[in-house]
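My questions will all concern the structure given below.
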Amino acid sequence: MNYQDVLNNIYAELSSKDLGGSVASYIPELQKVDSDGFGMYVSNIAGEDAFVGEYDHRFSIQSISKVLSLAMAFSIEGEQLWHRVGVEPSGNPFNSIVQLEYERGIPRNPFVNAGAIVVADVLVSHLNDPKIDYLDFVRKLSGNDHIVYNGDVASSEKDAGYLNAAVAHLLKSFDNLTNDVDEVLDFYFHLCSIEMSCKELSQTFLPFTENGIVFEYNGYQLTQSQVKRINALMLSCGFYDESGEFAFEVGLPGKSGVGGGIVAVHPQRYSIAVWSPRLNAKGNSAKGLKALEMFTTETGYSIF
Amino acid sequence: MNYQDVLNNIYAELSSKDLGGSVASYIPELQKVDSDGFGMYVSNIAGEDAFVGEYDHRFSIQSISKVLSLAMAFSIEGEQLWHRVGVEPSGNPFNSIVQLEYERGIPRNPFVNAGAIVVADVLVSHLNDPKIDYLDFVRKLSGNDHIVYNGDVASSEKDAGYLNAAVAHLLKSFDNLTNDVDEVLDFYFHLCSIEMSCKELSQTFLPFTENGIVFEYNGYQLTQSQVKRINALMLSCGFYDESGEFAFEVGLPGKSGVGGGIVAVHPQRYSIAVWSPRLNAKGNSAKGLKALEMFTTETGYSIF
Amino acid sequence: MNYQDVLNNIYAELSSKDLGGSVASYIPELQKVDSDGFGMYVSNIAGEDAFVGEYDHRFSIQSISKVLSLAMAFSIEGEQLWHRVGVEPSGNPFNSIVQLEYERGIPRNPFVNAGAIVVADVLVSHLNDPKIDYLDFVRKLSGNDHIVYNGDVASSEKDAGYLNAAVAHLLKSFDNLTNDVDEVLDFYFHLCSIEMSCKELSQTFLPFTENGIVFEYNGYQLTQSQVKRINALMLSCGFYDESGEFAFEVGLPGKSGVGGGIVAVHPQRYSIAVWSPRLNAKGNSAKGLKALEMFTTETGYSIF
Amino acid sequence: MNYQDVLNNIYAELSSKDLGGSVASYIPELQKVDSDGFGMYVSNIAGEDAFVGEYDHRFSIQSISKVLSLAMAFSIEGEQLWHRVGVEPSGNPFNSIVQLEYERGIPRNPFVNAGAIVVADVLVSHLNDPKIDYLDFVRKLSGNDHIVYNGDVASSEKDAGYLNAAVAHLLKSFDNLTNDVDEVLDFYFHLCSIEMSCKELSQTFLPFTENGIVFEYNGYQLTQSQVKRINALMLSCGFYDESGEFAFEVGLPGKSGVGGGIVAVHPQRYSIAVWSPRLNAKGNSAKGLKALEMFTTETGYSIF
């Protein structure tokens, strides 16, 4: 069965089904979304792309951006990045401050908020104009010059962001934040505010399918080996305290965001993005998880 | 044996003894102190005061100030204060952020940093000019118009205060901080920067001996019953994760500060202050603890 | 107002009042009790005793026995006992296994289950026939030869005691249990099964009022200083994670049991026992706590 | 480069290299091993096997057996198994009792000790003679009738097994252990005592390469889909709090044991076993980890 047929089946079964969950509500911008929206897009490295539903509708990619900022920082710093952030699953929600204190300021991995703030700090140290340069990197990676920040989302995040501010100050107290707290947070909130459609998101993650093309930006290479390691991290840590469940049910490296998006990749085969804004109790798209589980089951293509 | 004889004995035995420990070093102002300084002062409600050593030397009272800010806030808010802060010992160091997350933003007690920051927030809400009004309250309580803040200490605390900033932002994220984070922290760092001598400190705590005088300030009363409760809190929580040890060895309600001061009270009898800047691993004055243990053993006057 | 008048007032106000809570139900024997039972007894060292309600009805003293086993072990081992158990409040429920693992097998204090099991182990090491000798000690302390174990309670505890068995094995894994796990647990479950009335309980705790008599048993003394320390421990740790609240509201050293009993002492004045089997969420008698709070408020006699 | 060449290179580089670590010492049987032993074996589904060093030397497979007991229980119970044990990485050492209490008796995954004890309990419920039937299952899976328990190891584990006994009693207190604690532990210690060589171990894991053969035992099937899920679990949770690191550095589903063995599988390609008894601080074979990292780097065959 080809990818388009599989997507059609999934859409037929899930598009009007109520799988529960509710839209993220901690900032008004995320709450305004159409809660029944649903789209999918598969970028196939060996053939035609496949897509269904609102695959062209843009949404806030939120934490999915943490993979891209990690990719940029990893390409610049190389292995020394791992002195400041770990590679282990956390077993805790994405915003836990507890673990950070126990582990003396070294975040468990780059996808918990603390880790992504450290990665943002690394980029602030290296980039001339972090917001402009990062957006440029993402545009080059996706081959799409129309990708933008949503400034309203970024400033709402900032107004509601006391927990992230607590995390950043705690990192600073452990000497694991080099730059000014407010500057790093401003950049962090911006990078989470990027908007993409399923189509754009799946195209942005094509380099993570290890399709043979080494990505270069500004003289820094994102190597095949680095991409493999980022994929390993997505598999171990991409869904917070539901990462094991995603590996178990879906079996692909992936990353979710509270905007309702999920992206996943199958090395040498495809990248896939799904969007449905109702989140389950763990903060991951309820319908998105189900759709991906059906996709790997019906195609038989997981990494396991 | 009268109090003066007991103090003389303690001084003879301890003044030149090395009990280990080291001076607080996280800000330069605290580090500049004479590490071998040692003084004691007993304010006796039934007779003459007693004193030895550098009882007249001023030091930074630090966390001891948390008892005074609690007294002021309790006199203003009454029982409703306890909706925002608990009365249980924490079993953790004074600056733990872990417990605060587990308990959803309600600090265990008013003497851990998180609790004292909530108390500071309460005062900021009620006072016209918090720094001036609080100092005025402390001066009235002690009957001493010369008590002052040390502005250098306050601003050093601020520069080094990332952990307290993390705590304050976490409180804010749990809706348990009403005012602006920076304003509350500025006030909090000031109130910890008050300087007193042993003599001044023991006199300031005379009202906590429940010597029959109800203290009034600005129309608010600090009642006998409130003082009893503050004493109960000092006994349960005054020495962080060494509070049980202090109850066990000394047997008095008391409070310590990282400036090396300890104050304790025996209801209906006396208040006592000791100063010696070398701290043990728990952050309490090593020689101060020993001196107070000797005092209650030799006089036979603990509350148990 | 004399003690009898105060008790009469409390009884009038509370005896038929519903303060919520429910009877312990983890073993059938505890559940069989009359849930509305209520009695109080004050043993006055300076005058006549006072009592109301079912002061003569026997109930299972449960964890209150931990104070008596501690007294016996402390009199035999002296200070070296504290190498195996701490003196700090735990900030956790009585049966927490978490803290024990973090602290490498040294229980926080002798009143959490882990600490009481270590104390039981100490007694098993020293006594010829632990169950007979301990009962003899309690009888001598209370001057009452009719005090007995309830064998049905002890064996029910054993059948339901998987959590205590987990604690004991964990202590053993940290080398803080010398004797056979089953033997220690059998002794521990027996000592918790002792039954007393309020009258007997308050009389048993008369030595803790430090009424001038040093208690001796089998050549070992329970000294005045040891009693003071046990009182300090009851104040810091006698009510699990409600210990601060009890100090704050009642202001006496005391100990509760899940049978609905509470005993408290005011050094140099009185010991008091109350019984009412409905427990609050923390496992302490709801009506008993209220009754004691009224008693210290109306008499004005707390230690603070 | 073919597998044999890669193994030869690894052996040449690592066999006499000191990578630190030390042999497990909590029971004498494990300590008796030759600490410099080193062997590897690759079972290739598409061609000839490859091997180096002491690939034929038997060692105690220890926790690796947890994968096989899981496979047996999963084939019998199907999805309902996951009501009693989770699929998330723990972020903690293998023997943590803390997490189990926080999560109310549901172990994080089947590879922490608590989870493996629950799996053992499931098997005890279903099998006529658990020890005989389990060994028979392993023999059939490996196609090798000479695989045996080491009774001395099993009984030593039992004598030293207070922590596992604590875990089992805690599970029982949460009603997540159906059978008698001692019976389950006896079976658990036996299943960890199985001995295999690298050759035998890699052959035993051939079915996990999803080589097209569905394994049947006693009327129960171990399906392709179940094998995929077990592989996902090995990737997420196979190396305790070093699981992320293994995914990151090696990129294969795998499982380690404190006997110094590691097994890993590449679906559709190969299974590989390595043995070297010196363990790193996390309890995984130091040289074994390095050898596998070299293997996937040199062959280019990880799952990412």
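To keep things simple, chains are lettered A, B, C and D as they appear, and every chain counts its residues starting from 1.
The criterion applied here is as follows: a residue touches a chain if its C-beta (ideal position, glycine included) is under 8 Å from a C-beta of that chain, and two chains touch if they have at least 3 such contacts.
Nothing here was measured: the structure is a model prediction, and the numbers come from that model.
K.L.:
Name the chain pair with more contacting C-beta pairs, choosing from A-D and C-D.
P.N.:
More C-beta contacts join the chains of A-D.
K.L.:
Quick one: report the Å distance separating subunit A from subunit C, using the average Cα coordinate of each chain.
P.N.:
55
K.L.:
When the centre of a chain is set as the mean of its C-alpha atoms, what distance in Å lies between subunit C and subunit D?
P.N.:
The mean C-alpha positions of subunit C and subunit D differ by 47 Å.
K.L.:
For subunit A versus subunit D, what separation do you get between their C-alpha means, in angstrom?
P.N.:
32
K.L.:
Residue numbers in subunit B touching 2 or more other chains?
P.N.:
none
K.L.:
So that we know how the chains sit together, what is the shape of their touch graph: line, ring, star, complete or other?
P.N.:
ring
K.L.:
Given the complex with subunit A, which residues does subunit D contribute to the contact?
P.N.:
86-92, 99, 108-109, 210, 228-229, 231-233, 235-237, 241-245, 247-248, 251, 253, 267, 302-304
K.L.:
Would you pull the subunit A residues touching subunit B in the complex into a rising list?
P.N.:
96-98, 101-102, 162-163, 165-170, 172-173, 181
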